[in-house]
Amino acid sequence: MTSECTNRELLIYTISRLLTGVRHVAVGMSSPMPAAGAMLLRALNKKHSKEDVQLSILGSIAHNAFTSGAEELFDCAAQGRIDAFFLGGGQIDGKGNVNLVGAGGYPNSKVRWPGSYGSAYLYFLVPRVILFREEHSPRVLVDQVDFISAPGVSEEGVYRRGGPHALLTNAALFSFQSDVGRFRLESVHRGHSARDIQEMTGFSFDNDHCEVETPEPDAATLALMRGQIRTELAETYPLFAASLPDAA
Amino acid sequence: MTEFVSPEIMAGMIPSGIKLGLVPDGSGSCPGMVRLLIDQGIRDLHVVCAPIGGMQVDMLIGAGAVAVLETSAVSLGEAGGAPCFGRAVRNGDIRLLDATCPAVFAGLTAAEKGVPFMPIRGIIGSDVLANRTDWKVTTNPFDDSEKIVVVSAIQPDITLIHAPEADRFGNVRLGRLREVMLLAHASKKTFVTVERLSETSLLEDEKLAAAVLPAMYVSAVAEFKNAAWPTGLYAEYEVDDREVQDYAQAARTPEGFQAYMTGTRSAA
Amino acid sequence: MTEFVSPEIMAGMIPSGIKLGLVPDGSGSCPGMVRLLIDQGIRDLHVVCAPIGGMQVDMLIGAGAVAVLETSAVSLGEAGGAPCFGRAVRNGDIRLLDATCPAVFAGLTAAEKGVPFMPIRGIIGSDVLANRTDWKVTTNPFDDSEKIVVVSAIQPDITLIHAPEADRFGNVRLGRLREVMLLAHASKKTFVTVERLSETSLLEDEKLAAAVLPAMYVSAVAEFKNAAWPTGLYAEYEVDDREVQDYAQAARTPEGFQAYMTGTRSAA
Amino acid sequence: MTSECTNRELLIYTISRLLTGVRHVAVGMSSPMPAAGAMLLRALNKKHSKEDVQLSILGSIAHNAFTSGAEELFDCAAQGRIDAFFLGGGQIDGKGNVNLVGAGGYPNSKVRWPGSYGSAYLYFLVPRVILFREEHSPRVLVDQVDFISAPGVSEEGVYRRGGPHALLTNAALFSFQSDVGRFRLESVHRGHSARDIQEMTGFSFDNDHCEVETPEPDAATLALMRGQIRTELAETYPLFAASLPDAA
């Protein structure tokens, strides 16, 4: 209980902050950190008598209320029933474009990743898309993606009510400014400096001398994470839950 | 009207050169049948992943059976990237139709509803769109100021799935995986392997009926226990993680893939 | 997020002037609630019949609650024509949006999928099309030689249905009537009256899940036994033919309709 | 058993002949005669080891295999999985147009019928649509319908693989010639003459001196109708079945 907040716990806590106000968040099956962040928000809201947070974990039986097939997530997003979603990507560039397809040419990419999944759609329709990629390096955070799975901004005449809200990595938190199509450094995680972040990032961004340290959870929140949230997580992500500090 | 056949006879009913519909690993994937198809030397498939592919698709690619791959992703899940897929992409061995999940569903919905196209929001500005000549950007007929994508109908010749149960009339229980229902509606024919056969009609139980694919869509059924191994079957059995990892490891080279395919037992 | 309320409170949550989604008699119709709406003096409704209307719609029309009626048909089934509907048409008391069943489903599907329109085959050359300014004839973007109709999305503000069962979490069992699921997906809010409440989750039973409308679509649930009387509820109870015939007879005049409505018990 | 074929039996038998070769026929819930005709074809095919006939009765639980809602019929038709369907109509005109909406003006029709239902769609997509209306009068069979719920023929550029196949009434059987958009009298039921038919019909048609009498079922077929078919019908249409002659 007395041990310091770990980097993973900081990320989970930061995700919960980024989700503040959402009613329904969807996460992928292999996304334990976003799920943990959503569970934390749900628990905090309940504690403070704020509104319910619904969490849909795609592919899960227990944490997934969909009954109309895999297309229901996309339909729901289009209906405005999903407030937040997470995207990763092999590359993310300074304009908020994400690449889940490959690097080094297309179609015969030298490095091929799985593919775009639903990104080319959900990025337009889910109001708050949180870009989450733990690795913070010029290899991932590039000036220009090799393939645009989903663009960060759209021109006039394209229906768009969603898009990038923030970019969270192991080292820093950026917000996305959709009016100018650029990231803004909001805070730097303990142990890093703004200068580090500049070096670790392959694109230019605003507020690059930011001196704000990413806020860490208070003791009560940390206790909640190490108790209730860890237990809830274990149902769906047993290995991941076991890797987190516990309350003992 | 549904034929009841052995897995081997069913494999023989699936010829080279067709547009083949497949579902994601664990949602009705059927690596047991895929291995029979590979054994009989199937070639030149246009595989439609509805909407993504896994180990069974990677095996088909590794065996050189795939000419065109239409998919939103191929992955082995926890076991990582799909090795034969990655290799085929690098070498230009397959023609890629990269998609995004809801666009695949929209194309299947168009086929289900018998319309030539479906509109879909999003996608504009992506390189996914830039590389699809069968998708177009049009104007919303009710609002000239909006550009919107239309995708053309996707109608597989044959869809191949594994399911928990079929009855003697050819009705198949899919459970809540209604995307499999969509794929079957969209396809000319659907072939189904099942864990078991029910002697009583699955449509008689009102509580069950919504989970059932009616026989009119089902051309053939084969009882084939464990045919989803090692990829798992939703609400029936889990993925065999160890086996998929072994495959992922072996398939990193063409030789390793061949050795895996000849050396490993199939589900049969 | 689903509220659990009394039928009276639910009626109070349905204001005048909205676009109200209703299903055919016997498929989730709820004359019990409709009578509560009439009692509270609801007016100016745009009623969307998905895809046809029956006695409950005729009662709303007879009560002067309907300004716009969007439907593919209104009928009392075996009991014959819908008398208040016929009278309102003759007198020009309602604005008619005559449709055809699959076009209603196409409009609802557009709303479900969050697209502004859906293409649909057929319809061209009919006077149904000639009278719908919200439908257009366009060109198939993949084949310039084909003309095809597009219908705009239909999104009811509130859909009102009766169902056999809801659980304490707000999930509702619809059975195989998946058109009701479509209507709920398409609507901003769905209010449901049920025969009974289940203490256990309807989503826990995998065999049942495909028949269940998830709570995220369900704004409110009210327990209201027999609320589908006399129109019946699919797989639960039959239509009360005699009662519907009595209604059909009485409603042939405005006075007879009024007498029926004040003199006859409702389901409550 | 020895009594003559009734008019209803003749119609049911004629429907079965019109359905020859179909695999899947859909009928409305309130259409006992079409259902009976389909059941008869199914029984005759079984007897002669010909192909199965699937019958879907809309709204029925037992005789309806659809599991995707009321829209599935229309989807199925579009997919080419339904070979035959029946349409009635308050008015049918000589060009094959049907009117299920009303007579005497629109929208404020003096006589209003229920509405077009699925006709404006199924008429285009189901290969064999059989127009079935027992009343044969100039009131029903008009020169020009007051409202076209569904047109008999379509111009170039309209997708159409279905349409009117035949028109069957109490008195006669017409075929529809889609190339010229006109009906042709094929046969006249016992008790009527071609001259009667001309007088009873509000539109002009080809072969109006037709001397063919509508074929009646042979004794074995009549026995089948009065035994097995009557029993099958009773499950779904008890009152209608009871109104038919029985085998006793």
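By letter and in written order, the chains are A, B, C and D; residue numbering begins at 1 in each of them.
As a convention for this text, a residue touches a chain if its C-beta (ideal position, glycine included) is under 8 Å from a C-beta of that chain, and two chains touch if they have at least 3 such contacts.
Predicted, not measured: the structure shown is a model, and the values here were computed from it.
Chains that touch both subunit C and subunit D are the following: B. Between subunit A and subunit C, the least number of touch steps comes to 1. Between the Cα centres of subunit B and subunit D there is a gap of 40 Å. Subunit A and subunit B have Cα centroids separated by 29 Å. Inter-chain spacing, taken between the CA centroids of subunit B and subunit C, is 36 Å.
Distance between chain centres (mean CA atoms), subunit A to subunit D: 60 Å. Residue positions of subunit C touching 2 or more other chains: 109, 113-115, 120-121, 146, 148, 176, 178, 181, 206, 209-211, 235.
Counting only residues that touch two or more partner chains, subunit A has 61, 66-68, 74, 78, 125.
Chain-to-chain contact here is organised irregularly, matching neither a line nor a ring nor a star, and falling short of all pairs touching. Those chain pairs judged to touch are A-B, A-C, B-C, B-D, C-D. By the touch criterion given at the top, residues 24, 26-27, 51-52, 71-75, 77-78, 81-82, 85-86, 89-92, 95-96, 98-103, 105, 109, 120-129, 131, 145-148, 176-182, 234-235 of subunit B touch subunit A in their complex. Interface residues of subunit D, counted against subunit C in their complex, comprise 30, 59, 61, 66-72, 74, 78, 100-102, 106-110, 112-125, 147-151, 154-155, 157-159.
On the side of subunit A, the complex with subunit C involves touching residues 23-24, 52, 54, 61, 65-68, 74-81, 125. Listing the residues of subunit C that touch subunit B in their complex gives 106, 109, 113-121, 134, 136, 138, 140-143, 146, 148, 150, 152, 173-176, 178, 206-211, 235.
Of all residues in subunit C, those touching subunit A in their complex are 1, 111-115, 171, 181, 185, 203, 206, 209-217.
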